[in-house]
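Same chain, two partners: chain A is paired with chain B first, then with chain C.
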Partner chain A sequence: MIDQSYLRRFLLPALLLAAVYACALAAIVQYAFRTFVPGSLEVGPPTLHNLARLVDPLYARVFGDSLLIGLYTAAATLLVGYPLAYALVRTPSRALRSALFVVAITPLFTGEIVRTYAWLNVLGANGFINRILLWSGLIGQPLELMFTTLGVCIALVHFSLPVMVMILAAALAHVDPRYERAAATLGAGPLRRFALITLPLSMPGVVSGFVTIFAWTLSAFATPQLIGGGRVTMISNLVYQLGFASFNFPFAAALSLAAILLTVLLLALLRWSQARVDRMAVHA
Partner chain B sequence: MRKSVTAAALAAVLAVGSLQAARAETLLVSSWGGSWQEMIAKTIGKKFTETTGAKVEFVTGGTIDRLNKAKLAAGDPETDITLTTSHVGWLYQSSGLFETLDYARIPNAAKIFPEARISPGHVGVWSYVYTIGYRKDLLPEGLTFDSWEDLWSPKMKGLLGLPDFDPSHIIAVSAILSGADPQHWEKGQDKLLALKPSIKAFYTNDASSQQMMSSGETPVQILLSGNAFYQMGQGVDLALVIPKEGAVIGIDAIGIMKGTKKSELAYKFIDAAFDPEVQAEIASFKKLGPMVEGAPVDPAIARLPGVFTTAEQWKEQAIVIDHKLRAEKLGEWKQWFTEHMIAQ
Partner chain C sequence: MSPRFLSPRLVERALRLGFALLVAAIVGYVVLPAVVVAIASLNASAILAFPPDGLSLRWYATALGYRDFQRGLVNSLIVMAIASTLAVAVGAAAALYIDRSGHRLRGLLEAVLVSPMVVPNFTIGLGFLIFAVEVGQARTFGVVVVSHVVLVLPFVLRSIYVSLRNIDRRLERAAATLGARPGRVFLEVTLPMMAPGIFAGWVFAAVLSFNEFTASLFVTARSTKTLPVAMYDYVREYADPTMAALSTLFIVTTVILVVLANRLVGLDRILTMESPR
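Up next, the complex of A and B:
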């Protein structure tokens, strides 16, 4: 039996970081239960008012909108990312694989703000998409892409795509191509092979990628802030508005707390669904 | 041998002493970074160093980040001086973070405009306006902005951009147009709601204001005068107007941090800020309004809309929202604005 007690030392940095995060979280929690005092940095006596306000239709709607944008983005990223990940794993040419890999992960090398500003130039009334569509005669008036949920989702898909592709590629790499070749020799066409073999066996990656992007998108800030133009508001934008524009730190903390709890719930859902899919994949 | 050792020790003591003296003669200033820091260093900082021989070091950050840091360091401040927006300065003041200013120790403040005296602990050092700016090439025919009322014109449908971080300007204007004042802003709520058809989007910061204006997404904005001047310099076909009711004034202010051990130097820094020549340099650097009457501002700068250089201009063209009221009401205003204007 090898003594691995020395490995515990490697946990120390993680434990220290966890302690720092726990302190920050504790500060947020205590703010969430304090009264907002207008015109002051000080907070007032304990209250449940901030939590009660979370059920206000306006704030509940922002949570609902954030969940919907997360769902749209995760679904669209999956649809765009799956073929790219499949090509990345199955392309026989090493050069082409490398090229696809670079294309897939390049967005990670530019910051979120830079990428979002680039999208402002693409989605605007005089942006790239509208100019092309107007020039081609497909539309007579510019499409409304800026300050819309569609525009925000398009930019978020671009932002999320590299992560989705990497998760899917890892899952697809574990699907043995011999299963598909065996099915082909038995007469299964490409669509049938994909539907009955590749897709079910890659489901752990699909579920993992979908939930990761969904949870990631829930905390999106710069993209909805800049492309939403105040017309599309997500949870982080609301927290920013309340904390940094109104100085209402208690309510901003209550919203943050609710968002954290929602994320924890989603991660629990991820573990649960992942376990189910893994069992299905084993039985498949 | 003994002599040389003694001389070396003496030299070392002197070196350490002079180093400590140099360190003691460095004033720490909290300000915004980027071009703001550059402007402060090249105008106030330069004059301060010429006068006192002391250096200036900056601790930079966003308005709210610096406020939070100052609160955490209360009593043992990280910096000696803070420059911030006037209504945020009230949060410093009400939290006991500023020293009470002794104007007898700021000779150059003798000629400051009355509007500069914001609180016992902070004093306005330059001004700007939030007013109507528009793209001349994208404005519908017949639309002009002689009055703020013109923002409610049917021709304005879907053209207007507003800041989402601070609704004070349009709330104050709506209250005034409704026969009230910012204190009784509720009387302007119906007016505000009637503005919704005009609004296309809300901008988040100066950069997104510029992007939305230059791309034509929101060809009319309520915007910071400095942003408008910057875009004009970049070739954007932009005009800035002061409506007949006036433009909404913004003032950035300066205060001495309570607990500083360099109070004397801090007062000299503030005095340098109010030197008429320095005020004129500030006006030229960022096209800001001086807070000292009689500052020799370049006539070309003084002619710009929103650069107020005389008491008459302050009286006739400025809408001043009481800074303390603004600090106290901003949360309430913002909440109402978010619930009824942005998220509806």
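Up next, the complex of A and C:
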């Protein structure tokens, strides 16, 4: 047995970092329970007022909208991501697979601001889509894509796609292609093979992808900020506005705390549904 | 179930073609914004318009000459260099500990360090801002760097785990049997074998830190503004194609980096957590 006592020394930097991170999260919790003093960055005595305000219809609506956008985005990302992940896993050509991988993954690394700006060019009143449609005579008036939930969702699906494809590809890589071949030998057509074999076996990835993207959209900021333009507001935008326009950090902290709790809840849901799907897979 | 006059082979072919077209359409959707922004960046006139009125490279000159972008680039490079290096050092040590020690709290430590992957960036940004104000570190590079380290660490941990799992532990035991002390085994056997994962983690961390926007918007001040924040400010104020030129440079650089990283270390393995056996 090798002496591994040296490992303990490796722990210190990570513990330190974890402690600082915990302090940052604790700062949110602490501020969420403090009184806002208008015109000052100092906070007042402890209060429950900020948390009580969360159920104010004005703010509850933003939560509702965020969740709705998250749901739409997760569903659409699943539909767009599944074929791409399937092609990524099953394409026999290595070169094609590499190319698909680079296409699928690059948006993850170009950053939210560049991607969102690019979408402004596509969705704007003078943007690519409207120019093409106007030029072709299909529409007489520019479509309203900016400042709409549809526009925000189109860009958010693009933002979420790399993560979805990664999750689905990992799940599909575990589906043994021999099952499909066996079914084909037994006379099952391609659609039946997909519906009865590939799809059920990739269910863990589908569930985890859906919930992960749902939670992931809650962290989107630049996309709803620039494409929503104040008319489509998500929690992140509200927090920023409260913090930097009205300097109401206590209420911004309360909203952030709610967003963190919501994320934790979604992850718990993910764990729970994964366990269920796994059990179903075992019994199948 | 298909009508008789359609032979199964014909159906199979049609479906295959349909699937290929579907995938091509999805690829088109993914690539569309990049292509549109590249075309817009070449526009001669100052308004975004399709098709461009004429071709010109003047917006590239404007973008490269813009003071806020230059300062943002320098700040971003400084933050990126320090944050990614720190993240790799902390991450490699932590990954080794989590992978090898039997301590019962290691699961908790891992959960905390990986959580920034799911905790929304804006809450992390707000938390660090409030904390920095409380300890008198607001408007410093320190808070920007630390928040970036926290945000990129999950990805560093991932890529280092993969390389740790590929290590043949028998080599370490062989070195120990031959009389090497634990420190020497670590330096001469374990560390070199971790190198690909460490390198991949470092590239990952650097790219993610360079592009981080949401948390940076909260923790940066005028003097520590990073490039993505400077770009956001520009988009809010001006509508000329300068941003399109800069975005195009960004996208091209990123594609080159992703292709290179994929060649060098097989990004697909790290991202999908496929540990080859």
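In this text, the second predicted complex is superposed on the first by the 269 of 284 C-alpha atoms of A that agree within 3 Å, B and C clash if a C-alpha of one lies under 4 Å from a C-alpha of the other, contacts with A are read in each partner's own complex, and residues count from 1 in each chain.
Quick note on the criterion: a contact is a pair of C-beta atoms (placed from the backbone, for glycine too) under 8 Å apart; a residue touches a chain by one contact, two chains touch by 3 or more.
Note that the structure is predicted; figures quoted are calculated from it, not measured.
Asks: When the two structures are laid over each other on chain A, do chain B and chain C clash or fit?
Replies: clash
Asks: For A:226, is the partner it touches chain B (first), chain C (second), both, or none of the two (neither)?
Replies: both
Asks: Return first, second, both or neither, reflecting whether A:120 touches chain B, chain C, both chains, or no partner chain.
Replies: The answer is both, since A:120 touches chain B and chain C.
Asks: Who does A:41 touch here: chain B (first), chain C (second), both, or neither?
Replies: Touch partners of A:41: chain B and chain C.
Asks: Under the stated touch criterion, name the partner, chain B or chain C, that contacts more residues in chain A.
Replies: C
Asks: Between chain B (first) and chain C (second), which, if any, makes contact with A:58: first, second, both or neither?
Replies: The answer is first: A:58 touches chain B but not chain C.
Asks: Looking at the overlay, what does A:200 touch: chain B (first), chain C (second), both, or neither?
Replies: It touches nothing on chain B or chain C.
Asks: After the superposition on A, what does A:142 contact: first (chain B), second (chain C), both or neither?
Replies: So A:142 meets neither chain B nor chain C here.
Asks: Let me test your reading of the model: by the given contact rule, A:247 touches which partner, first (chain B), second (chain C), both or neither?
Replies: The first partner, chain B, only.
Asks: Please state which segment of chain C collides with chain B in the superposed model; the candidates are 22-30, 112-120, 220-228 or 256-264.
Replies: Only 220-228 shows clashing C-alpha atoms.
Asks: Would you tell me the residues on chain A in contact with chain B in one complex that are also in contact with chain C in the other?
Replies: After superposing on chain A, chain A residues 41, 117, 120-121, 124, 126-127, 226, 243 contact both chain B and chain C.
Asks: Where on chain A does chain C make contact in their complex?
Replies: Those residues of chain A that touch chain C are 2-8, 10-11, 13-15, 17-18, 20-28, 30-31, 41, 80, 83-84, 87, 98, 100-107, 109-115, 117-122, 124, 126-128, 131-132, 158, 161, 166, 169-170, 173, 189-192, 212, 215-216, 218-219, 221-222, 226, 235-236, 239-240, 243, 249, 252-253, 256-257, 259-260, 263, 267.
Asks: In the complex, go through chain A and note every residue touching chain B.
Replies: That would be residues 36, 38-42, 58, 61-62, 117, 120-121, 124-127, 146-147, 225-226, 229-231, 233, 238, 241-248 of chain A.
Asks: Under the stated contact criterion, what part of chain C meets chain A in this complex?
Replies: 1-2, 8, 11-12, 15-16, 19, 22-23, 26-27, 29-34, 36-37, 40, 47-51, 89-91, 93-94, 96-97, 100-101, 109, 112-113, 116, 118-124, 126-131, 133-134, 146-147, 149-150, 153, 172-173, 176, 182-183, 185-186, 207-208, 210-214, 217-218, 228, 231-232, 235, 243-244, 247, 250-251, 254-255, 257-259, 262, 267-268, 271-274
Asks: Using the touch definition up top, name the residues of chain B that touch chain A in the complex.
Replies: Its residues touching chain A are 64, 67, 71, 90-91, 94-95, 161, 164-166, 200-204, 208, 211-212, 215-217, 324, 327-332, 334-335, 338-339, 342-343.
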